[in-house]
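Here the chain labels run A, B, C and D in written order, and each chain numbers its own residues starting at 1.
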Amino acid sequence: MIVVMKSDATPAQIDHMSRHIASLGLSPQVIHGSHQTVIAAIGEESPGMAEALEPGEGVEKVLPIMAPYKRASSELKHERTVVKARGLEVGGVRIAMIAGPCSVESEDQIVTLARRLKALGATGLRGGAFKPRTSPYSFQGHKEQGLKMLATARAETGLAIVTEVMAPEHVPMVAEYADVLQIGARNMQNYQLLQAVGDSGKPALLKRGMSATMDEFLLAAEYILDRGNPNVMLCERGIRTFEDHTRFTLPLATIPFLNEKSHLPVVVDPSHGTGKSRLVPAMAKAAIAAGADALILEVHEDPEHAVSDGSQTITPAVFKQLMDDCRRVAIAVDRAM
Amino acid sequence: MIVVMKSDATPAQIDHMSRHIASLGLSPQVIHGSHQTVIAAIGEESPGMAEALEPGEGVEKVLPIMAPYKRASSELKHERTVVKARGLEVGGVRIAMIAGPCSVESEDQIVTLARRLKALGATGLRGGAFKPRTSPYSFQGHKEQGLKMLATARAETGLAIVTEVMAPEHVPMVAEYADVLQIGARNMQNYQLLQAVGDSGKPALLKRGMSATMDEFLLAAEYILDRGNPNVMLCERGIRTFEDHTRFTLPLATIPFLNEKSHLPVVVDPSHGTGKSRLVPAMAKAAIAAGADALILEVHEDPEHAVSDGSQTITPAVFKQLMDDCRRVAIAVDRAM
Amino acid sequence: MIVVMKSDATPAQIDHMSRHIASLGLSPQVIHGSHQTVIAAIGEESPGMAEALEPGEGVEKVLPIMAPYKRASSELKHERTVVKARGLEVGGVRIAMIAGPCSVESEDQIVTLARRLKALGATGLRGGAFKPRTSPYSFQGHKEQGLKMLATARAETGLAIVTEVMAPEHVPMVAEYADVLQIGARNMQNYQLLQAVGDSGKPALLKRGMSATMDEFLLAAEYILDRGNPNVMLCERGIRTFEDHTRFTLPLATIPFLNEKSHLPVVVDPSHGTGKSRLVPAMAKAAIAAGADALILEVHEDPEHAVSDGSQTITPAVFKQLMDDCRRVAIAVDRAM
Amino acid sequence: MIVVMKSDATPAQIDHMSRHIASLGLSPQVIHGSHQTVIAAIGEESPGMAEALEPGEGVEKVLPIMAPYKRASSELKHERTVVKARGLEVGGVRIAMIAGPCSVESEDQIVTLARRLKALGATGLRGGAFKPRTSPYSFQGHKEQGLKMLATARAETGLAIVTEVMAPEHVPMVAEYADVLQIGARNMQNYQLLQAVGDSGKPALLKRGMSATMDEFLLAAEYILDRGNPNVMLCERGIRTFEDHTRFTLPLATIPFLNEKSHLPVVVDPSHGTGKSRLVPAMAKAAIAAGADALILEVHEDPEHAVSDGSQTITPAVFKQLMDDCRRVAIAVDRAM
């Protein structure tokens, strides 16, 4: 850490901070500048230390230096993580496509659609059984019934099931049916849930919170990794900004940034990331060009009658074209699909 | 709802949408404009309806008209809600002050501080026993031990205990010790938790998510209200924006807006809302001037050695001055303190 | 426009608003809903009308329906605009690459670099002679001398010169040397400048303001188009959000959105859009995959010693690789380069 | 500055950066940490230096330490600046009220309103003659005719005239009629304009850009101060965020922050800052409680028929009540009005 003292900090204040730093197990090194003094605190920073030093007398600000995450960092683990769940493999040369409806509506719906998606090249099937809904009056999902429908679709197609789990106490039940446990954007900092998913040992798809920084995102992954579960996928799904022509802003620079800082594979969700089905195909191609390892997409036979998220859902026909287009882009960036 | 058709929408598309609207139980009324056609959908909108219509062929956009929340709305309940928990009363003429440390550190700390805060005029004692922390390596709170320390402080002072609950399964335990269950910003859309707090019947202090809109905030309150628990306080604690001189941006216009749209009392947290102890007193006064019903503040005997949030924590001496200053502002806006 | 009346609006208020709407030359159509009344205002909306109606007694809100821009709209002009300036052609099948240093530093620098860029496939040369700088103490550009250096580089290479103009009174001078007048993000709503560029008749590259919505961006273009200058390129260069791992957030969904709503070509600036040279190649490929018509990139022989923007500037060697990689992506999306 | 090297930076890279720092006239001090090396660069940082060092080989990031502004800083000038223009005085004990219509519409309108505002206690009259409008099709102001109307209103009332200037070439004309030159939010980084206003010697009211950081805001003021014009008022008028229930988000923490960092007086604009006339009174009181030196407010006899900004404009009757309410708050924070 670097503790920047105010320009009028007294020698006593500088001395006090140095001793405070030493009491934290770090070694203080005072640097007298022409304008102000800074104290370098050498040693292993732990989270919250910078924050703890800031209220000190005479302190202007404290600058942390080390990244706060460890297990998620590419400095600690150089080889890239490949997450595998049945036929779904995320993080290798081949780009994976996870597709399906926002909500599981009926067994017939999900099985028919799963067959279609499988035929078109998807390896993962998404579908919500537990639905986090902004309003208590919206459809909340078929819950365990929905999970059973997904399991049936898997039995019919072999697609890996990716579905959301919303509460720690549901983890065992969802883990029984699903191949990948999805943690939604609203729950990215639901730490009990992260730990429960970590403990389950199941592959996890962690969605970025809509206002999470990269440090917060990687620290959320750290909660899962820290429980001994190495199979974490990081999913960019759009952030909240002032833009109003899309439902969220989908910042694809996340992809090369995460690819540099972390060994974990990166998934992109252009459906939630735009909220507009018309923008999904272009953003799907762009995500692959930027280096994504997988896409997760909302597909429904009849988006107009989908029980949720219709406005951002594409039809199987659009998905077919998107697969063809994405495959060409994947090859152009030395990937396969 | 108003369904705006594209300027080149065909009569068949307009007809199709009209029938779709009718199938939802609403009455469509087609208005042919000089430039484009819009269809007014008359009747009770339910959440998700606008979204469901948007992917329709020929549809440009769908504009919802009704507010999506009901029980939180001042249209439904005209008299203002006053939440009472022991001596703490929020929503009446008197402005309530809830103060205390970020984390409960020891029984001695919390009891000593509680006495001091009580003497200075606080009626609520805040303090974290379960701490949601960005990093898994940060102090996570003393959990049940911390709750017991809070209960001791209450026994000594009579202050109402306001403390965070982080998971649905902890609600019974926290409710046993606390007078008010706080739902943190990161959990504003943890729906299982909202429902569990609703079911507990305990007064709830609901913090706004750091990227939540007013509709989302009020719908989160609706989850609690909908379980038959009317005692909800809405707490503005700052939002995430591009500003970097404060930890969050504290938007006080929330206060008069919520006071108009809802009957629920409004609490403001200038500690988290700024992240800088030096800015807290000014924002405390401003919040009261803008119409807040209560403040919640982080106070610690020695912020420099607080185990968390030191940079935004004020000392009892600053709190004393702040109380005096806020009291004068309260009187100037026809409130008491 | 749709005027939504409050649920307790009186018949007199509804009647008053109807007459107000009629006085604006629109035809009011009152729709009585189960919960509240809305008034559809039929006819040509002009900008500001919705705003003017909002303070009316009994009005809940006013929803505009028509897009506020006209000449920039793809509804008015169906064929896509191709902007041509010497060998630079933006908007056709071939994707154009505009490259060069942030600031023109010396004749030698710019001529040497221009030759190199030309050889690598660029068709436009960017370089700042007038530099808008956040601090008055930063280098402000070589001004007219810089323009002359750019002209020399053009004479040597045939590359089209793209350079920023910062004030209306400089337009004639910059137009004398440049092939394309760039309007910077900070000046996107400098209306005098927009009009002066419009009057010049020169092709314009209009950068999106860092907090501009799509409506505001297209209306800024409208200021230029409205002066009879049809040669406008829309340049996405990143927006300001809470993200702190990049200098700006580069939202590529802008590309398909603008391609749908407007006939104007879209340029993307991954250098400013990320602020990090390491992220530029991935975002360049992504922009092309998403449908951009051109890229504008900061390239410098020695970014470490560039007088400005070094952190986001790539070397010619990186540019060479980027060209090869982008060409492959361009072909994969049926474009050429 | 602190140059943080990557954990795998080589001795040669560290040595290279040290020499680079020395070549900039700073003194490098290398600190070898347990995890990575940092180099403190001691001496006078100039803007852009940190940026220039960032692309260096082996560099992780560069942390600037010194504030980039000088003349605006309270470190350089300890006594607070009081800006005076006729009877308008901003920065002293007395809080100033600047009020008037968005646009000057007619001589009769502005004179009548000015008399009313004067009688109610305003000391400044605002009113737009040159209007920056998002759309080229909106009313652009009466220009010089409008300035003359303002001068007439001043002759009648003695109120100081505060009006916007939009282009450097208009400064002499506007300065002839106005007492205070307003620089609008969209022009906060129109550097030619800032310099022209600086050169005019007239008091300036500088509005914060809607996505400007505090550093950028103070550096914009620095452009004016640097031309020898010390009479600058800083005006907070709201920032662009994801919030959609207000037109902008008005962050009042700006006030105590600027009061600490700068000696310049702070003005708040609750009209633009909320965009909703119903929220203006509460935010006016809050701004005063937070320490604002003046308010600038949109007032119109008949907001429903105002040619611009009606939705955020209050009537004289509301202004009268607001004055009474604000006066009480001012006294409660040891100010006068």
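Definition applied: a residue touches a chain if its C-beta (ideal position, glycine included) is under 8 Å from a C-beta of that chain, and two chains touch if they have at least 3 such contacts.
It should be emphasised that the depicted structure is a prediction, and the values quoted were computed from it without experimental measurement.
S.K.: Which contact partners do chain A and chain B have in common?
M.R.: Per touch definition, common to chain A and chain B: C, D.
S.K.: Would you say A-D or C-D is joined by more C-beta pairs in contact?
M.R.: More contacting C-beta pairs are found at C-D.
S.K.: Compute the distance, rounded to whole Å, between the mean C-alpha positions of chain A and chain C.
M.R.: Their C-alpha centroids are separated by 30 Å.
S.K.: So, what's the distance in Å between the C-alpha centres of chain D and chain A?
M.R.: 38
S.K.: Could you put a whole-Å number on the gap between the CA centroids of chain C and chain D?
M.R.: 26
S.K.: Could you check chain D for residues that touch two or more other chains and list them?
M.R.: Touching at least two other chains: 211, 240-242, 244.
S.K.: Mind pulling up the chain D residues that touch chain B in the complex?
M.R.: 211, 213-214, 239, 241-246, 249-253, 255-257, 260, 273-274, 276, 278-279, 281-283, 285-291, 325, 328-329, 331-333
S.K.: What does chain B use to touch chain A in their complex?
M.R.: It is residues 20, 46-48, 51-57, 68-69, 132-139, 166-169, 186-187, 189-193, 210-211, 215-216, 219, 222-223, 226, 240, 277, 303-311, 313 of chain B that touch chain A.
S.K.: If you look only at chain D, which of its residues touch chain A in the complex?
M.R.: Touch list, chain D to chain A: 2, 4, 7-8, 29, 31-36, 38, 40, 42-44, 63, 65-66, 75, 240-242, 244.
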